[in-house]
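The same chain A turns up in both complexes below, where it pairs with chain B and then with chain C.
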Partner chain A sequence: MAAEDLPSEFDVVLVGTGLTESVVAAACARVGQRVLHLDTRTYYASKWASFTLNALLTWIDERQSPSDEVQDWSGLLQDGEEPICLSNADSASIRNVQVFCFARSAGDAEKAGPEPPRPLEAAGGKKMTFAHLLKEGRRFNIDLVSKLMYARGSLVDLLIKSNVSRYAEFKNVTRVLTYRHGNVEQVPCSRADVFASRRLSMVEKRKLMRFLASCVEEKEEEELEGELAEFLRDQQLGDNLQHFLLHSIAMVTEDTPTRDGLASTRHFLRCLGCYGNTPFLFPVYGLGEIPQCFCRMCAVFGGVYCLRHPVSCLLLDKTANRCTALIDGRGQRIASSHFVLEEGCFYVKTLPRLSSCRSISRGVLITNRSILPGDQHQVSVVTIPSLEVGLPAVRMVELSPSTMTCAPGTYLVHLTCQSQLGSAYEDLWPVVTRMFNTAQSCDQDSRPDVLWCFYFNMDDGGAGAESDGDRLPSNVYVCSGPDAELGHERAIKQAEAIFRKIVPDQDFCPPAPNPEDILYDADDPEDPANTMDKRDKDEEPAELQEQQLQVEE
Partner chain B sequence: MAIRELKVCLLGDTGVGKSSIVCRFVQDHFDHNISPTIGASFLTKTVPSGSELHKFLIWDTAGQERFHSLAPMYYRGSAAAVIVYDITKLDSFQTLKKWVKELKEHGPEDIVVAIAGNKNDLGDIREVPMKEAKEFAESIAAIFIETSARNAVNVEELFQKISKQIPPLDNPDVESTESFKLTRQPAASTRRCC
Partner chain C sequence: MHGRVKVKSTAQQEEEKRKEREKKLKIYTAARDACFSKRKDGVCDEEALHLTQQLLSSNPDFATLWNYRREILMHQETVKDESEVQKMYQNELSFLESCLKVNPKSYGSWHHRSWVSERAPQMDWARELSLCDRCLSLDDRNFHCWDYRRIVVKKSAVPVGKELEFTDRLIGSNFSNYSSWHYRSTLLPLLHPQSPESAPPSGSSPPSPQTHSHRVCEEQLLKEYELVQNAFFTDPNDQSAWFYYRWLLGRAEREEMISCVFISRDEERVAVAFSRPVQAQSGGLLLVLDGQPLQVDWRSIHPRFKHSPVWICDLPPGSINNIANEHNLTVHWPEKHTRRDCALYTGRNESWCRDSATDQELFRSELSVEKSSVLQSELQSCNQLLELEPLNKWCLLTIILLMRALDPLGYEKETLAHFQTLKEVDSMRSAYYSDLCSKFMIENTILKMEYAEVRVFSVSNKNLTTLCHLDQLLLITHINLSSNQLRHISFHFSMLQCLKVLEAENNCIENLEGVYCLPKLEEVLLKNNNIATLAALRPLATCPKLRLLDLRGNPVTQSADAESHLAELLPSVACLLL
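Showing the complex of A and B:
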């Protein structure tokens, strides 16, 4: 079947389907902009993508042979235009990829680990082989980015406000854990947890409750000089509570200023009890679903989607300092008023990257049991303070099969930290050998076995300064990649800022009409969702189309 | 009667009448001018099935199939898929196999598959013999039916057939681990944090 040509004129063209680009796409289409959303890759969500195990192995193999041929489309240039070449190579921002397999190989063997493979017992007593993992490979959804959603964070707010939330389902993160004195411990964070905790004395329980209650109120500014660690010591809370509060609730390091530390403590507390007894949510099937949900919203409002679509260059009108069109890999000229591109599209000579000096170290492990066995459906976030001087503090998220991100009988463990030693393997290996049983450590204990693991470094999207965009034409916007933070605040904030530059006078992601809502809200005229729907009906042609198709039972 | 929500995803080439079939089923309405790209994000209709009520949540492709860019999230948790082709366009039947493959790769393992040959009111310009399509459907254990969204032929029947094939809930007690949807949050008074 011959590939159809794309339409050649749009209001907004986006390249890259990461979270930021996808939110901008949905927001623009929602208010009637004509949107074209391209990705050079074969899959959605760019650096925010998730893969089945089999797809991940293919991805690892293929990224070793990047292709970035430069073609000459100078014949397509009009008077006064100059090309800004774009890169299609995805490899530069992901480095130091290392894969180890410790599961027993069987039959048509594969990549063997550094040690002789040996059998491992999976839950249920069955022997778990690499072949078995591959056979169950499609049950894995392995995210390149590991984050959680704060129950009252800006991503959750946006999903709800825009009704994009209807496209996905979520799980509560059920436990906040920490690693101390060689043991994994549960951090009591809700009132129920605190009182149920057997680790805390009665006095500690009272102190903790009093401290948390006092945190909820904003403090006078002058009380907050100095560092949080010191501030906590002054409260005479004791070692246990100081550790919990600093590492697991504020989730900061020893030298974080008190003001910032207390702000993140408050954010943590504000998010508690909204959905479950931790402040965090995780999307079923993994984080890679979220950009896809925003892309769907964009498509519902007329956005045109095209994956595996190479791009060649932007055409710059030098006198106006604006881009007029994008030339794609096939030489088609696509005119647009605005261009939104992921950072990786630009060559370093066009857009120097401050971010390249900082990177995120990531590790992904497939294990055979939980690091703190309990109810089998646990989803845990684990804060691991620096094991020794010079090693980074590491954040771990352990996902059970109930999140649909790993096969029954396995757990998927994500490790994330700011890179300190250069490669992800060097940064994370000390934590992995202490907390897990690998072929390299002796197996006398109850620690989970690592069946397969994968390390890589990714550019830290939080490192670049916002003013990078000054060097670019006025109608070109850059989306930085994922940052090392736990939440999604930066990506959402950046998406909203870009949207405001493109369409300054429009609402950011107003609720999309939902047949369910209209019926349900019918007896409640006060509901803002309902009145919003009515107003939209008169304003937007896209909306009208959707309304016509709605149910009236 | 217990209501069961069942997600149904639609597949098939642009212009074969996916949106029209849903529109006929849900609203008993046929619109000649449905825009090819803009559809509802999903439509719902509840039908009785045995001792249960089946509430179909029918997802449209929203045009993402046009440049072969459907997202895997589109298939997540689907109880059934309806693959539509146009009986007057041999091409749309040829690519059916591609959609079946796509579904095998991305869809849930236990998904009920239905193949619908649409526009059977245009029998005089038919390009796809019914027998051939029926045999293909049998070879992949799929439901087969020819429909006309325009004349309201076999659209109800298509969904009845799907309803019948949905396996009964074997364990209603799994609720405790179930995932949830995010909705507008209750008023701040329900805060129970410490």
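Showing the complex of A and C:
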């Protein structure tokens, strides 16, 4: 694409290939809008991206030297237009990047990242060397965002409805764990778990099942006053069950109102048993796949894609309060009726910063074994309530090599919390030192060893209020970045809302037709080759594919 | 709108599908006809094999074709050498796998697979086992696959322990699975048999009325109790666990034996009661009187019964009628290697020999009483569950059974209260509970009667809806069934061979089928019942000594000529109350 000019007119131009933008792009292209989808980066999915270990290290390095040169394109302006400059870097939205390597270095101390504050040689006796990790680096798919898909959440519904699910494969999250009294315990959430649990007494089993069954039914209004923690205490469930229900099933905090807590419990239960023993799914090769799947759908329906394509400014028609065109980094003027921008490329210069300063603390660890070794291929979500006053509650997702996100013999651990202390390192380090064996701890330890880890803060996409849109030109829409929630509800909801504003009268992501049902002009229905081909595909029961995702064993 | 992808309309798609179907049907019928004509001509060639394969792979439930296919294969066996035969059956197995994908519950496919597994020169049983594993992981209740698995396990001698682990796994992933629990119940006695010294002696004298074949050793049993409790505490509405629990609690089957011999000098008759209904006519029941074998005709108590717990024979006239003589009678039952003696002493008109019901612990046979401390703790667990789930019918029913096993009389009041709750929470089955409760009330009354050593049986005002255990009442002379909810006196009632007085006032009795050939019956009190026709009273005519009949308050008395008809029907009745 490099040398060629793009067409100069589109219905919708999107900048950024994060989940929300990609869903909007697919939805628009699907109903016949001419879509141009740009990203300044060299990779898809923006802040939702996945990297191999090697690519991640490069990404970390390159972030140190942002180049945001301002060019003057005033010659391209038409009467009454005013440029709004766009930023091309996400340097501001991702901060406090810190990398530590505890893997044994092959020879001399080896610089693993820009800030290795710990002496590397302290990590003696560990099997895996950093060189080995680098050699296997391509086996890693490290997501910047850590989320899971609720089996009946809006993302899964959308994947099924739109047939986008055909572009990806999924794995069940196999267990829900929690950290309590210094131990990792399995949370019995499904019927089979409760049956098999050795920690629950018979009476607890009955109480838990009964409470869960009662949650499925809607409650009387007056029962819902007050906080969930108090509500649970009133049910006389005992400490064990209260902990499981509050932290691991409702996944809320002590002060969450009963109504919200029960709603999220219901959501959890609704999603149980659809695909497996937990309510969650995880895409094989990582979450970064999902935006790409939507981009692929967009491209199938005629969307034009350009990565590595810097953008310069939007042109605002002040009287109409509408943007008329976008000028890209090469100075091409591209007219469009609608502009969808990722948050971050917009706020830096012109408008006051849209979102508040709230941020997400993220940690990524590569470890040598599971925090609760069991059968192979365990994929776990771990809820870690606040360890002490002032520390945040942390959510952990531990991925095994079966998800194709880490090399054999390693586990990939994602930590996520709302930032409380400033930097991700400060927020998450207490959890990491307690649950994992880091270089400082003794070697005779049942806890997994951390081989390599990486901390950063990311703007919380869930922090901005919806009313921010008022301050934008009427045909410009900004997509929030990832939020701290476990599910994808917010991004999908926002994508649908933006789609509704662009094409109010159209269906949102209707099922894509099967390839054999599409009519091509060149397609001669009498051609025997075509009919043969069709017959083969007809044999597959199409209905079976439609209702469910394909989840691998 | 521009740029839109053009998609075939639904009508177009429908039309295409219709055409496709038509084409397929034509091919199918043509192939089917070809197959049939080949079979008619007795052709068993490769082409026929190919044709049947085509048809069966789209419709694996075509039994005739499977049969034809087997004929072909058997013929091919005779013309091919062994390696070719092996290859042929190998292909057959992989063809069957594709059929199972079309319909995993096809009778024809599974049956054919087990047939092939018998015929093939070599079978890879490990592969067959993993096929079963795979099928059962897709549908853990596919009973065809369970059946086939049992064949495979038997053929390839899979260790029982491995199979038990397999059920562990399936039950762990979903315990609502009768097949797994049942499979477990067949494996446990093999893997953990009851140790011989703790088993009660069987076959030794005196013969035990019950075989306490508990089948599983206590240590394992306790583990199973825990497992199954985990299931019913997790989901008390799931039946499968409760059924398994009842199996664990041990349903001892009663041994077939002679429970009572009765001899009557007046009627010159012998009655023999057995612990279970038997067919004594052909079984060669032998009667020895004073050391001499007697040729007698055994008959069941009612012509309707081919199997009966009570059998009667008439002795040759004059053989025991002298009251001054003493006689010794032995009934042999060679089939079961058992016998029972009975002595009729001088001056006595009748005599009997029997086990007392208390000794036999007769009615606890539903559950084993071997380890009452275990049952006591099980009862505690169930009561704990009942506290949490006061309306759970399975829990209530199990508690009733446990209470009966532990102390039927002591828990009578609680049992009745639980029955009341059961009828309310499970009203669809309230009649079943009423019948079950009747049974238990009768059992309790029999136990009480045994303690009192009387021949009077009184179960009035107990809400009885049915009569049972009548074989236990062979010696009863007086029965009081008043103020219950009985609607029939069923055929089994004719087992009461010594009955003189039947009191059954205030019921809703409509017929008296069972008041049949009762040789000693003198009084029948049926005040306030529902007898509407003379026909219903006809069985009474078979009782020669009947002299008092109370029919007051029955619809039949309304008809004008009832009295004259009754006098005609029952000439022996001297006192008729209408």
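Everything below uses one rule, namely that the second predicted complex is superposed on the first by the 486 of 553 C-alpha atoms of A that agree within 3 Å, B and C clash if a C-alpha of one lies under 4 Å from a C-alpha of the other, contacts with A are read in each partner's own complex, and residues count from 1 in each chain.
Just so we're on the same page, a contact is a pair of C-beta atoms (placed from the backbone, for glycine too) under 8 Å apart; a residue touches a chain by one contact, two chains touch by 3 or more.
Predicted model only: the values in this text are computed from it and were never measured.
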Original post:
In this superposed model, does chain C or chain B come into contact with more residues of chain A?
Top reply: B
**OP:** Name the contact category of A:305: first (chain B only), second (chain C only), both, or neither.
**Re:** first
**OP:** Please indicate which partner A:44 is in contact with in the superposed arrangement: first for chain B, second for chain C, both, or neither.
**Re:** first
Original post:
Does the superposition put A:167 against chain B (first), chain C (second), both, or neither?
Top reply: first
Subject >> First, second, both or neither for A:143, with chain B first and chain C second >> reply: neither
Original post:
Looking at the overlay, what does A:377 touch: chain B (first), chain C (second), both, or neither?
Top reply: first
Original post:
Of the partners chain B and chain C, which touch A:6 in the superposed model: first, second, both, neither?
Top reply: first
**OP:** Kindly classify A:274 by the partners it touches after superposition: chain B alone (first), chain C alone (second), both, or neither?
**Re:** first
Original post:
Can A:191 be said to touch chain B (first), chain C (second), both, or neither?
Top reply: both
Original post:
Which chain A residues come up in both lists, the one for chain B and the one for chain C?
Top reply: 191, 194, 209, 301-302
**OP:** Give every residue of chain A touching chain C within the complex, in rising order.
**Re:** 31-34, 191-192, 194-196, 202-203, 205-207, 209-210, 301-302, 513, 517-519, 535, 538
**OP:** Can you check the complex and tell me which residues of chain A touch chain B?
**Re:** 1, 3-4, 6, 44, 138, 152, 156, 159-160, 165-171, 190-191, 194, 209, 212-213, 269-270, 272-275, 281, 284-285, 289, 292-293, 295-297, 299-302, 304-307, 309, 377, 402, 512, 515-516, 529, 542, 545-546, 548-553
Original post:
For chain B, which residues count as touching chain A in their complex?
Top reply: 19, 23, 26-27, 31, 34-35, 37-46, 62-64, 66-69, 71-74, 76-77, 91, 95, 105, 177, 179-185, 191-194
Original post:
Contact residues on chain C for chain A in the complex?
Top reply: 1-8, 13, 17, 20, 172-175, 229-231, 233-236, 381, 384-385, 388-389
